[in-house]
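Shared between the two complexes below is chain A, which pairs with chain B and chain C, respectively.
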Partner chain A sequence: MTAIAKGVSAAAPAAFGGAATGSHALHPVAALLVSIGSFAFFVACPDLRRVGVFMVALLILECLVGMGRALLLSGLFFLPAGIVMALTMSWVCGDPGSGWSMLLRLSALWLSETPLLVVPEMSFVRFLAQVHAPRVLGLCLLITLRFTHVIFHQIARVHAAWRTLERGGAHRVGVLRMAVPLMSRVLDVSDCLSNSLEMRCFTVDARQPSSVYRPVTPTMRDAVFVGAATAWMVGALMCPMPW
Partner chain B sequence: MVGSGNAIDMAHVTFSYGDGEEPVLDDCSWSVPYGSLVLLKGESGCGKSTLLACLCGLAQSFPRSRFGGDIVVDGIDIRNRPVRDIARHIGVVQQDVDAQILHATVEDEIAFGCENLDMPPDRISREISRYCPALGIDPQGNTLTLSGGQKERVCCAAAFAMRRPVIALDEPLANLDQTGVEIVMRAVRRLADQGHAVIVCEHRISNVIRYADRIATVENGRIRETSTPSGRKGLPGGTRSSERSGPSRGTSRSARENSGAFPNRVTCGAGEPHPPSREPKSSVLMSLRDVVVRRQHRCIIHVDRLDIYRDQSVLVLGDNGCGKSTLLSLLSGVVRPGSGRVVDARGHRIGRGRGIRRAHLWQTPDYQIFTTTVLDELLARNADRSACLDMLDAIGLGGLSHRHPLSLSDGQKRRLVLAACLISEPDLLIVDEPSAGQDGPNLEREMNLIEERCVGRSCACVLATHDSRGAARYADRVLIMSEGAVVDDGGPELADKWFARFDVE
Partner chain C sequence: MSSPVQSTRNDPEGSHRGEGSLALAADAATGSGASHHPAAGSWAGFSVRDIVFLAVSGVLVLVFSALTSPLHALGIFGLPQMLVSPFFSFFLAIGVMKVRKPGSASIITLVSALLALLMRPASGLTALVTGLVAELVVMIVFRSYRRIASIVIVASLVPMLMVPVQILYYLLVLHVRLASVISFNAAVGGVLAATVILSILGALAGTKVARELISSGRMK
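Up next is the complex of A and B:
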């Protein structure tokens, strides 16, 4: 369990935020446009052939812009879930075809969400600050994304601490008892985090001015990504299918 | 008070955590001028952190707390002011650095506070460029992969970059090796020289006293200022913009002793030689053979052969990131080697519940508390109730057997987990940073208990620390680690040489 928790916590930023600091990070708007547009297409398009064509195109496009690692990591979650749901659907409906449809659309969902996962969290927060969105949105985003890592890290540490008990002792201290130090640490961390925010003058009051250190600006790469995805989507929708 | 020209003015401040509770601060009055570095010290649980929380307005918002008196920080009365407004005048770096870091990169973490103060981006960039090299941190570093010492420095950089007139640091040196300590203290001294008022709350007093202008001791709810160490000129109380020509350093040893700072290095007595390192009387307890531990393709530990003897007390020293904690985790079985073997005297692999009995006390004992009463915590390791009750009496928690462990103070929790480790009658006791968060008397009590329970039972003991306090006295053997390997293995004199590199006494 320690290894899994540590692995997720360590791999997640490497895969998702791997482009966090580089100039090749996607602009949040570009990621949102492609994500929402492709999601709408995959959900609404009744023709599975067209869905499949656009999926292949989007997969190639996302790999070309450097989302390969993110695709692999997010695939570990989406694809098994998709397989389970597809099998369940087939069994419930008694029709294997319905299962394939479910698997295809869930895989499509995996592709449409990945662009959002590679945008550094700070880019989202700074973009929201640039457009003067309510600061509470930025705060929620920051804490939600950060807390995932914090929770996994704390789980790993608590499990390692449980392992310091000799096996005989551990029998007298069941696995569920790990919830005691875990909840204590989560509460401590939450407390400290909220104090730290206040001590660094963060406020949700929109009247308090704040600056943006590195404004997020769209680049040609973002335009090409959005343009190519849109072109493929239109092409998949309009072109006659040869089969 | 307002307009007195001091950075901090406290008058008749009283604070308690609830109705009917003993006040933590009792009619406490204190002033701190601009341009000074104050060492704030006191026993564990005396109220240092509470004092800092009062200064920044956090304590007053605790439910059921009672606050009285006046506090003026940077010329403003903090009564009835929201914390975020007070935070524009005073910054506090809390003890738990893991919980303070919000962002994925060091640069973003430092910039966050500056953005909230509406600092222009070019100025933020200048502050980052100033403090990252000064504190030895990479602005592009991933905060999730930083060591504890590096996180501490990032939190300090984030506080310094906001350029607030008053800065308070709560045990900033806890996770730092001696190199890190020097880096942070030099940066702090520079801030004080530039006119900021800096308060450093620490137990590792010898590391701070060389840089401090004043020493303040929290005792019985009040602050007692002792004289400044001779050889350091007192700073003129000035405005924030006053500059000094440079810090004066190097206080004499007698001056430090006269200043009232209690001795932090437990020596054998002036002029007495160290006791000769005890040759192990009995056999090897466990061995590490060709052990390698890797993480993310990096070799963390590489030990060809390391024998731990039954009745030896081993001290492990080394800089941050050298692999001390990983070595301790290997010895306790929490970490498995990627290659090589951890074996007992007969060459059999050791596992949990197999081979020798081991107990490991972490630096943060909160993780190791699994039950809901103090007594149950010991009973989980040893079913003999009377032995557990005797142990609780021995560590001074006899009257608290039915308390929830998490309601204890940090020092009490530490003693509880130590007692739990000792009651399990281990063959090997492993202690990571025994001095973390401990003042001198508590540390001495803890080490005496370990010595009494381990030496008498031929239990081996392995301790890892950055702190010179009491280090050499309790060790028979000293291992120096560097870059994952044991580079030196000798007697207690090695510890003297190690700490003497930085002239720490």
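Up next is the complex of A and C:
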């Protein structure tokens, strides 16, 4: 558990925060369009050959627009998860084919989710401010994206404390008892965050129109990315397969 | 000394500086917001503290649900809902018990469904609808979260309702025949019964832990 938490804590800021905070980051709408479009293609297309062709094409496209590092980082999560799920599926169904199918589905999910993972969370919040969405939505989105690994680390610490009890002692201390220190830590985290927000005069009152966020503008790169992904999708659907 | 507004105007990239932490915090310090007291700003009756605690509770649901995800591949209908039900109801009960405002359960569900909404809109939407329906039912019956029973019911209803909402999604949105999705057998029956039991147990455990935290003064 501690090892997983360390891995998540190390990978999450790199994957979500520091990977692409500059002006070269993808526009959130472009990432969302490609992500949803490609996922819909993977789900709806019955021909596995066409799915395979589109997967390879999308992988190349994503590498070309600078997502190579993000693909590697997210692959570190999706690949082990895919292998575990594929092995479980094969064991339950008694058919290796279903395992391969699960691995293919996870790989498709990996490719379709990576565009969303490389968009910095600030771009989502800026875009939400731009379209005058409730501030609560932006706050919730930031907490979801930024605090997942923080909470995971807190769980790992409480789990480590549970394991430091005397031999066999952990069996006498129920899971429910360990929920109290966990929630105590969670209360500390949320109090700390609330104090920080209030000290900076943050309010969820949406009547204030002013914002420090600059608008997120789509670039030519976004248009090319969406256009190329759509073209690949149509091509994979229409072109006759040579085999 | 320049105000935050001036510094932002002079430096278009100024908003990047605070992005290591939640730079959203600086949003309200601009313009007329600087003279506005933070305690006065609320959204639908929720203060910043309420929203933050509910959002962190939603993240807890998300993390524990993610830990069970490898077992979702077993392919038994209702199994994913069964696996997440105790965590969902547990943290939902604690979150609602602390805030006790109508809409609390929906916010926790929204946060836990937010990533799913971005990645798989269908599953995110079903989770969101579940939270809204459960909260609506409890609000119609109890009108508030003053009674512990209302908290236990809303916390156990949300994971329980996920299964029927999922079936409705198959029927109404995907237009799939029910028989092709579910084959009612002992395993499915057991899973559905376990979902109900685990949801109720999770909600009861959540209220118990919340009471302990309140009695120890950690939670107000």
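Please note the rule applied: the second predicted complex is superposed on the first by the 184 of 243 C-alpha atoms of A that agree within 3 Å, B and C clash if a C-alpha of one lies under 4 Å from a C-alpha of the other, contacts with A are read in each partner's own complex, and residues count from 1 in each chain.
Throughout what follows, contacts are C-beta pairs under 8 Å (C-beta built on N, C-alpha and C of every residue); 3 or more make two chains touch, one makes a residue touch a chain.
A quick note: this is a predicted structure, and the numbers were derived from the prediction, not measured.
Trainee: Is A:Trp100 touching anything from chain B or chain C once the two structures are fitted on A? First, second, both or neither.
Mentor: A:Trp100: touches no partner chain.
Trainee: So in the superposed three-chain picture, is A:Gly138 touching just chain B, just chain C, both, or none of them (first/second/both/neither)?
Mentor: Second partner only, chain C.
Trainee: Just chain B (first), just chain C (second), both, or neither: which does A:Leu193 touch?
Mentor: Once the two structures are laid over each other on A, A:Leu193 reaches both partners.
Trainee: Is A:Cys201 in contact with chain B, with chain C, with both, or with neither (first, second, both, neither)?
Mentor: In the superposition, A:Cys201 touches chain B and chain C alike.
Trainee: With the two complexes superposed on chain A, say which partner A:Ser184 touches: chain B (first), chain C (second), both, or neither.
Mentor: both
Trainee: Under the stated touch criterion, which partner chain does A:Ala160 make contact with: chain B (first), chain C (second), both, or neither?
Mentor: first
Trainee: Using the superposition on chain A as set up above, list the residues of chain A that contact both chain B and chain C.
Mentor: Touching chain B in the first complex and chain C in the second, residues 17, 21, 120, 122, 129, 142-143, 146, 180, 184, 189-191, 193, 196-198, 200-203, 208-214 of chain A appear in both lists.
Trainee: Which of the residues in chain A come into contact with chain C in the complex?
Mentor: Interface residues on chain A, with respect to chain C: 17, 21, 32, 35-36, 39, 81, 84-86, 88-89, 92-93, 102, 109, 113, 116, 120, 122, 125, 129, 134-136, 138-148, 151-152, 155, 176, 179-180, 183-184, 186-187, 189-191, 193-194, 196-198, 200-206, 208-214.
Trainee: Along chain C, where are the residues that touch chain A in the complex?
Mentor: 4-5, 8, 12, 14-16, 19-34, 36, 38-43, 46-49, 51-53, 55-60, 62-64, 69-75, 90, 94, 107, 110-111, 114-115, 118-121, 205, 208-210, 212-213, 218-219
Trainee: Which residues of chain B touch chain A once you look at their complex with the stated criterion?
Mentor: Of all residues in chain B, those touching chain A are 56, 58, 83-84, 87-88, 91-92, 94, 96, 98-100, 102-105, 107-108, 111-121, 124-125, 140, 142, 144-145, 158, 162, 296, 329, 332-334, 352-354, 357-360, 362, 366-372, 379-381, 383, 406, 424.
Trainee: Can you check the complex and tell me which residues of chain A touch chain B?
Mentor: 9-10, 13, 17, 20-21, 120-122, 129, 142-143, 146, 149-150, 153, 157-158, 160-170, 172-173, 177-178, 180-181, 184-185, 188-193, 195-203, 208-215
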